[in-house]
Amino acid sequence: MRILLVEDTRDVGEAICKRFEATGHAVDWETNGRDAAEIIDFTDYALVILDVMLPGMNGFEILKHIRKSGNAVPVLVLTARSEIDDRVGALDLGADDYLVKPFDFRELEARARVLMRRRTGGEATNLIKCGDIAVDRAARSVHVGKREVQLKRRELTLLEVLVARPGRVFSKDELLDQIFGFDEAANANAIELYIGRLRKKLEGAKARIVTVRGLGYQLVSDDAP
Amino acid sequence: MRREPSLFARLARRISVVLGIGAALLVTAAWYYAETAANKAYDRLLVGAALQMSESLAVEDGILTVRLPTSAFELLGLAERDRIFYRVINTHGETLTGYDDLESPVPLDRIEDVSNAEEGFYKGEPVRIASAKRVLADPAVSGEAFVIVAQTNEARSALTRELTLRATILVLVMSLLAFVGAMLAIRYALQPVEHLGTAVRRRDPHDLTPVTVDVPRELDPFVGSINHFMGRLNERVDLLQRFIADAAHQIRTPLTALSAQIDLLGGDKLDKAGRQHYERVQERAGELARLTNQLLSHAMVIHRADSVQLEPISLVDVARRAYRAAIPITVDPDIVISFEAPDERPFVLGDAVSLREAIVNVIDNALRHGAKHRLEVRVRANDAEAFVEVEDDGPGIPPEGWERATQRFATSKSHEGSSGLGFAIALEVAKAHGGTLSFRARDERGFTVILALPLLKGGTS
Amino acid sequence: MIRIILASLVVAFSVSLAKAADDDKTVFPASGVETGRLTIYSTTDLVAMKPLIEDFQKSSPGITINYIEYLTNELNSLASEACRKGEPLGDLLLSSSVDQLVKLANDGCATAHRSPETARVAEWANWRDEVFGFTYEPAVFVYNNRLVPANEVPRTHVELADLLRERLDYYRGRVGTYDIRLSGIGYLLAFNDARQTTTVFGRLLESMARAAAVARCCTGEIIEEVAKGNLYIGYNMLGSYAYEAALRHPQLRIVVPRDYTLVLSRGALIPKAAKQAELGAQFLDFLLSERGQAIARSNAFYFTETGGLPPDVDGPQNMKESGIAQPIRIGPALLAVQDRAQRQQFIDDWSQSLIELNSPDWTRE
């Protein structure tokens, strides 16, 4: 996917480009704010990674420019300034996420992935419930009772599948297809691992993932008759 | 410290003194005029009586006789309570009738036909004395005969007293009116001072904008000074803010570049020993980044405590944002991490940025040094306080280390290169919000760090 | 030591004084334990004062009262002398010759006294709160109805003058009045007569002189003569004495003149040096009180300012309302009366016109 990086520090820009290119993304790297703002106007990007301190035009102005022109591209802001008021400002101006420098490059990559995926996924609010487990597909959040539980991407996908049809038994293969797609190489053991993690994270909920020996897994609500 | 009397009291006192002196002068003058008037009125009677008496002198059969007219005494009797003394002196200087020892204050040879009344004493009593002279040109009796009439001063004094009393009442009433008027005027005139005082007193201590109260010209220097001082303070604060911002940028940019380069370097191509070194460089760079963030965060929190106005905020919202920011996506997937908030949303008076910073640091600490399999962030409230609790299943901090844990750069794990600024930041923020940072000893569930803040009354929604 | 000497001096003085006045001194001993001794010098007959004194003692049983009588002029000279020397003379002076009391007060010989009772005193009867008038005594005509025919009874001063002129022979030597050389009251009344209407008084004086009027020292003496028939008419008699006598002698009749009636008020004064001034004041208050006035009216003085005339008195029913009452104001004007030159001349004139011209035979017995 095509990513616009606006970053004037060479060492940093270089590393970011390398990272994303290594995972198969195309990265356009701009060091001047004004140039970047122009490029965005006529190029469609999957993600904009925006530094705040830039020559020409600062990141906030670019962000304002993007949102003003009605462009909904996900923007991840990188900031080196003190958090005296930047963070609030970035989110208020329409940034989708931000990272404070210096940051962990793996974290940057992970967050960028989330943002890009969110763009491709549906925007509809979609709340599915089973027992006291509530999955908000749009917000990608999971609640057990009042508790919001942090789930990894694949754990969430697995839960979504199970929650969508409570009581139904899904075979491991079925689940493998749903979670990893056909192009990713994964085996049944991976499913067992995720099911284990999910069970741990849903501990105390009024619904359980039940193993149906030889067949697969099903989500059973305690409330169900 | 000796307290200076209020402006009002000073003015009131001075005006009272001035009014008092004025009233005293007026009363004295009134007394003087009253006395003059009373004397004038009664002196006329006295002189009239003396004249009547001298008119009654007659020569009968060659002898000087006097038939004192009752009317003269009735005239004098108008001063009802006063005693009357008189003496008629014949041409030989002998007393014809009356009080032999009554003397005129004016020597006989200087008495005119009609003389004015004079002050005098008779038998030790203060009297007014009038004299009259009668020149007789009878062949048998010729020469000058005199009449001296004296009267005590009771009626005069009474009249003087009455007139003075009336004048005094008038003066007192006027003085009182003047005083009340002056007090009202002073109160009115001092209102701007009170307004200014109220305005300054009511200002938020973080508000460094100029005071914009309309004041009379006389107060301009004070307001000017206050505003000048405020301006300078504001500049300092701005300067500090810029410095922190600049410092942050200046340090972070190369740090980011450093970690970028380390990232680029990659560990894959290195041998085992090189790989070990690489990982340690990566680790140390991470620590350096974290320490920098904490230092800047600490500076920011302290700065904001002095300069940012607190406002009602939802603690749940702040805690949720902090929770999202503090948990990296790349966190160990085996840790169960959850966030729990009550249905009612407790509000506190606070600075959202500082509070989030505090909560982020507590969560971050728990992630790095505590949580093995579980990390729970909870928001709850009771009648008086709202709490953010961060519980993990790690080893926790033993009670004896709690105090040290909140001190800067003091942590039980300092040998591992981590800084102890996290709790110090949280404590700083708690104090700035009138709250506390406390620990709950490890039990079977885990170790808990509790940030407690005073609940904003009526702020739950 | 000095105190003892002083005390003995005082005692000696009181003794000498007591001796001088022994004859006319009456002691009303306290009915209870004696707590105070009040000395009253008075020109009023004991008979008139007795009921008052006795009633006073009922309410103040601890007070012994020495009542000493004098003639007005004697009392006056005694009081002036005492005042000049600063010596005490009794605790209360009562005199019908108020002009003398006014003179005493003017000379600073009086102590002021204010009380609710003194506040009731009419304004004309109070000077400086020092001299108070406590009676109301009109100067009246007294006649013997056996000797004066009913149609000849004079009812005004002019009628009296005309009567004496018309019936000169009948009334010659039969009209009595005060000898103003001896009587202070007589002088006071005569002087005020002269002030009222000079022409009427002149005519009256002339008529009386021609009718060979008899002058005597005192009211009592003249009234007795009228009662006996030696005199037919008494002029300027004090109403109280006349009425008292009329009660005893039915032939005596009283006329309150209808043109004008001089009214004399007996005066009371607390001397400056009074030793028991508070007792004097107490008695004075009693005299002025409603109770004292009531007793005086029913027992001694009979006439009052506001009430009607006593029964059997010929005159206007209410003197005050008819406007004929001319009270002799107690005030500084009386000083003119008291002036020694004035007095001398007035008495000289009076003597010349009345006495020296005539003296009826029977008076020289």
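Order of writing sets the chain letters: A, B and C. Residues in each chain are counted from 1.
Rule of thumb we're sticking to: a contact is a pair of C-beta atoms (placed from the backbone, for glycine too) under 8 Å apart; a residue touches a chain by one contact, two chains touch by 3 or more.
All of these numbers come straight from a predicted model, not from anything done at the bench.
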Q.
So if I look at the partners of subunit A and the partners of subunit B, which chains show up in both lists?
A. none
Q. So which chain is the furthest away from subunit B, centre to centre on CA atoms?
A. C
**Q.** Closest chain to global C-alpha mean, per-chain Cα centroids
**A.** B
Q: Let me have the rounded angstrom distance from the C-alpha centre of subunit A over to the C-alpha centre of subunit B, please.
A: 60
Q: Find the geometric centre of each of subunit B and subunit C from their Cα atoms only, then give the gap between the two centres in Å, rounded to an integer.
A: 81
Q. Once you find the CA centre of subunit A and the CA centre of subunit C, what distance in Å lies between them?
A. 137
**Q.** Of subunit C, residues touching subunit B in the complex
**A.** 105-108, 127-128, 195, 331-337, 339-342, 345
Q. Within the complex, which stretch of subunit B touches subunit C?
A. 65-70, 72-74, 76-77, 80-85, 88, 96-98, 123, 125
Q: Sort out for me which residues of subunit B touch subunit A in the complex.
A: 241, 244-245, 247-249, 252-253, 255-261, 263-264, 285-286, 289, 292-293, 296-297, 299-300, 303-304, 320, 327-331, 333-334, 336-343, 352-353, 357, 373, 376
Q | subunit B-touching residues of subunit A, taken from the complex the two chains share | A | 9-12, 14-16, 18-19, 53, 80-85, 87-88, 100-107, 110-111, 114, 144, 146-150, 152, 155, 197, 200-201, 203
